[in-house]
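Next come the structures, one after another.
Paired with chain B in one complex and with chain C in the other, chain A is shared by the two complexes that follow.
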Partner chain A sequence: MSERAQLLLEIADDELILGWRDSEWTGIAPFLEEDVAFSSIAQNEIGHARALYELAARDLGTTADELAFDRTPDDYRCARLVELRLPSWEHTIARHHLYEEADAIRLERLRASDDSEVAGLAAKIDREEVYHRLHAQMWFDRLAREPRFTAALDELRPLAAAILDREERDGHSPELEELWEEMTMVRRSQPAGTSW
Partner chain B sequence: MIYEVFRQERKGQAFQHAGSIEAPDERFADWYAREQYGRRGESTALWVVPRSAVREIDDFVDELNRNYHRVDGYPLKEKLKEARERAGTAPPRDR
Partner chain C sequence: MVTAEQVWAALAEIPDPEIPVISLVELGVVRDVHVEEGRVQVDFTPTFLGCPALEVMRDAMAERIRSLGAEPEVRVLTDDSWSTDRITPEGREKLRASGFAPPAPRGTTPPTLVQLESNGFRCPYCGSRDTALENIFGPTPCRSLRYCRSCKQPFEQFKTI
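After this line comes the complex of A and B, so read on.
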């Protein structure tokens, strides 16, 4: 697999899996406005994943759906940080903050890439990520002195390095498998008459 | 804190009340307003106003029944029809 396809898949997998995890707050976020906001962020991340998969799919002679749903959990290249099921809001916001911080650096690098397709897509994605970063920063500023939040940050911070460093992407947490089961259930069941 | 949100659909148009949102401070209010009233391209601009800044007036005194201040005694439709008949012009077609 080309270096480019590998890189695109890593980022796409991060965004898809994080999008799924974030979407688990839909309907149960701390208050209604935040529910709408966080669900929208989740949706954006999945949208970014789709755009990245589409580019990778062209290189690999496949489709975005096949890349997103037809690989086995072991084939995913996402970082452990995005895989975790985090049923507490302080952990979720801690991950959001850590991810956005690292993702900003990653997008900055991609935008400077000689590959105009990659640079162009990164610029496009970044225009939405600006708002995600604002959102993460607001929450960070608000919770910065809350012990529960700082503890969550300390707990998750070691996992953030993998967002920027491929060497740190060493296998998956057991939670990815569970998520994969859920995420691909409908597609695998192929109800009669469906074509994707 | 409750914030009232007004939105402008097209440039130059009047802002209309869109709804209200609850947010802990102005930054959150702006973000939530953008998300709820601007994300689908339905607005060109928003006004986000703390509800406490809105002064409501709901007492209107009319002790002497000065109904000549009101416009409901002046149906325009009839007068317009007469004027058109005099001028011999047809009403504009329904658009």
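After this line comes the complex of A and C, so read on.
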């Protein structure tokens, strides 16, 4: 696999899995505004994943859906940080903060790429991510001195390095397999009358 | 034989699927139209990548071109060439008249929390600038929620991207 396809898949997998995890707050976030915000952020991340998969799929001679749903859990290249099921709000916000911080650096590197397709898509994604970062910043400012939040940050921070460093992407957490089961269930069952 | 002008005019009749007061041409997402021997190529830029209306827009354009008797090809450009600055002045006014505050012009630097929390955003109903940010996100990824302290109306503010 080309370096470009590998890079696109890593980022796409991060965004898909994080989008899926973020969507788990739909309906049960601590208050209505956050329900709306997290659902929107999840939707955006999955949209970014789709655009990245589409670019990778062209290089690999496949489709975005096949890349997103037809691989086995071991074939995903996402970082452990995005895989974790985090049922506490402070952990979710800690991950949101850590991910957006690392993703901003990653997008800045990609925007400077000589590959105009990658650079253009990164610039497009970055325009939308600005609002994710503002949302993360708002929560960081609000919780910065809360011990539960700082403990969650300390706990998750070691996992953030993998967002920027492929060497740190060493295998998956058991939670990825559980999530994969849920995420691909409809596609694998191929309900009557559907085709893809 | 269909002309590029006819294609532009036809596309200008397609409403945005989520905010039907504005057309796809007014939204600025149609970047270019090429006509060659009965084939029409449309270059189309998504607004937000997570927007669920993308397929609806793409299919509506293809269908409209087919109804002109030409074979459509809608190319999706995923670079950053679309920004909210591409919404036409007519489009902006239609948004405002329907209760959607049009996006602020893009600055040289990305928006900040301080800006969003400032009262630089005008209420689409009464025109007051005494408005507060309620939520960075809204019913779709492209909108935020604000509240007008003057006429006591919540309203949707287009994000600047």
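Assume the second predicted complex is superposed on the first by the 196 of 196 C-alpha atoms of A that agree within 3 Å, B and C clash if a C-alpha of one lies under 4 Å from a C-alpha of the other, contacts with A are read in each partner's own complex, and residues count from 1 in each chain.
Just so it is clear, a residue touches a chain if its C-beta (ideal position, glycine included) is under 8 Å from a C-beta of that chain, and two chains touch if they have at least 3 such contacts.
Values in this document were obtained by computation on a predicted structure and should not be read as measured data.
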Fit or clash between chain C and chain B when superposed on chain A: clash
Winner by number of chain A residues touched, once chain B and chain C are compared: C
Contacts of A:142 with chain B and chain C, given as first, second, both or neither: first
Which superposed partner A:120 touches (first chain B, second chain C, both, neither): second
First (chain B), second (chain C), both or neither touched by A:33: both
Chain B versus chain C as contact partner of A:131, first or second or both or neither: both
Which superposed partner A:48 touches (first chain B, second chain C, both, neither): second
Common interface positions of chain A, toward chain B and toward chain C: 33, 36-37, 40, 131, 134-135, 138
Chain A partner contacts - residues on chain C that touch it in the complex: 48-52, 78-83, 110-113, 116, 134-141, 145, 159, 161
Sites on chain B touched by chain A in the complex: 21-24, 27-28, 31-32, 34-36, 39
Residues of chain A defined as touching chain C within the complex: 33, 36-37, 39-41, 43-48, 50-51, 54-55, 116-117, 120-121, 123-128, 130-131, 134-135, 137-138
Contact set on chain A toward chain B in their complex: 31-34, 36-37, 40, 131, 134-135, 138, 142
